[in-house]
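Same chain, two partners: subunit A is paired with subunit B first, then with subunit C.
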Partner chain A sequence: MAEKIVIVKSGYNALTESVPNNMIFSSDYNTLKYGTSGTVNLNYVTNNGIRTDTYTVTVTFSAGFSPVIFAYINDDSYFGGTGVYLPLPYHSQSIARAEDFQHFWDENVLTFQVTVSNGLAVGSPVSRTAHFKYFIFKNETGLV
Partner chain B sequence: MIIYFDKKTGDIVGTVEGRIHDESHLGMWIGDKEQNDRIIVQYKAVKWYDKDGNEVPQNALDSEGHSVVYAADFEPQTEQKDLFVELDKKPAKIYKYKVDPKTKLLIAK
Partner chain C sequence: MTEILAASKSAKNVLTATDPNDFIFHSSYNTFKILATGIVSISSSAGTTVTSVIAHGLGTRNGFLLLWNPGDDTNRFHDAETATYTANAGTHHVDTTHINIVTGHMDSTNLTIEYFCQDTGDTVYVKYYIFEVII
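Showing the complex of A and B:
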């Protein structure tokens, strides 16, 4: 029997368990290796006339490879209060405008982008802040 | 925690979370490099314990010359220690603060 490391959940036998879902860790399977996490704020404006505006902010991490990244958006003016996060990309549509919240990255830079497309000139410009949360893992996507 | 802020306004633009920041964290930057500055708050071990939970000196050894240090308590290295302990538990609360660009201390908005 090949040697390996297995850590099972409480109540399971580490010597005999074969179902991955019942394991905390197994050297038979790759795992997500946490690298770093953090938050980013991006200020943007809506109701800014009939136009499309794009806002960006970057996180430079210089991994040297394209990592696995998870990212989330919280905008307490839309999503029911602080503490409510949704995974990116997120699209918000109303009769007056569309807002796209997305992220993209390469081997060195993670970019958060908000695109606001105002279809109607309604009211005065409104300043908003998108709160993003990111997780950068040591796993490579292998896409670059 | 590493906090990136606008040099002129003190508004916080982003963070890198964690207690101990290695070279990969220190090499990161958020936003414009000319427009922003950052505060780096590292945690440091301040008390050391053996495997029975007894406090021991950092360099405590057993009779065979092996270290008996099994665990440690860590504290943030900043004059705003209590605040950063709270931020370590709830990182999103950082946005209730801004940075005084002169003192580089956090001030409530």
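Showing the complex of A and C:
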């Protein structure tokens, strides 16, 4: 029998428990290993005439492999301030335009992108800022 | 006093730290365990949604994460790019001739991954993680 380390939740027997949800930790199950995190801003323009524009900003992390990444957006142009975060990808649609916020990455660079599709010529160009928060884990996806 | 097992970060005192962010591991806080993981490849059929079904055998509906690689068709995101990319499920690529979307859903029996593409024969690679948390 292979040895292992198991820590169970209160009320459960570490020697007999088999349900992962009843364990704090078990060496039988890998976990997401936290690596690094950060924030980055992306400035973009809406109401810029009937057109589609793409804006990007990149973060170089140089892992040498494609890691698991979680990312969120806090767009103060919609919520009037910081503190509201949404998981990416995020799509916003109105009668005048659509904004697609996405993130993608390879082994070294994380890219945040917004594609603004203006369907109507409404008002004057508006400068906006998307605030992104990201978490880069040590777990390799094996996808790249 | 209840015994605990804890490993603090460098320069943090494991005996006195109270902020969970100062620990590498702490037995008072559950860990986000990965119960299953794998990579599936899905080839598109023009204008229809193609599915890949993973029978997870857990008997519960758990949290999951899907990451996908567009394979050899780098036009998923950028024209004339040569590097391949990974992205969260739900990320989509739309231009005048293509739309590509990867999504997924889970019940107590299966994790179903769906790929929609307007071309035929484009292959995407999807990495899935099934977590311990029951939803």
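Here, the second predicted complex is superposed on the first by the 140 of 144 C-alpha atoms of A that agree within 3 Å, B and C clash if a C-alpha of one lies under 4 Å from a C-alpha of the other, contacts with A are read in each partner's own complex, and residues count from 1 in each chain.
Just so it is clear, a contact is a pair of C-beta atoms (placed from the backbone, for glycine too) under 8 Å apart; a residue touches a chain by one contact, two chains touch by 3 or more.
Everything quoted here is computed from the prediction, not taken from an experiment.
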- Name the contact category of A:Met23: first (subunit B only), second (subunit C only), both, or neither. second
- Message: Taking the superposition on A as described, I'd like to know which of subunit B and subunit C A:Thr31 touches: first, second, both or neither.
- Response: second
- Based on the superposed arrangement, let me know which partner A:Leu15 touches: subunit B (first), subunit C (second), both, or neither? neither
- Check whether A:Asn41 is in contact with subunit B, with subunit C, with both or with neither, and answer first, second, both or neither. first
- Check the residue A:His131 against both partner chains and state whether it touches subunit B (first), subunit C (second), both, or neither. first
- Message: Tell me the contact category for A:Val68 with respect to subunit B and subunit C: first, second, both or neither.
- Response: second
- Message: For A:Trp105 in the superposed arrangement: first (subunit B), second (subunit C), both or neither?
- Response: second
- Considering only the touch criterion stated at the top, classify A:Ala2 as touching first (subunit B), second (subunit C), both, or neither. neither
- Item | subunit B residues touching subunit A - in the complex, by the definition given at the top | 2, 11-18, 24-25, 27-31, 91-92, 94-95
- Item | subunit B-touching residues of subunit A, taken from the complex the two chains share | 35-41, 57-63, 82-83, 131, 133
- For subunit C, which residues are in contact with subunit A within the complex? 5, 25, 27-35, 37, 39, 65, 67-69, 77, 83-88, 90-92, 94, 125, 127, 129, 132-134
- State the interface residues of subunit A toward subunit C in the complex, per the touch definition above. 7, 9, 20-21, 23-26, 29-32, 66, 68-69, 71, 87-89, 100, 102-106, 111, 113, 141-144
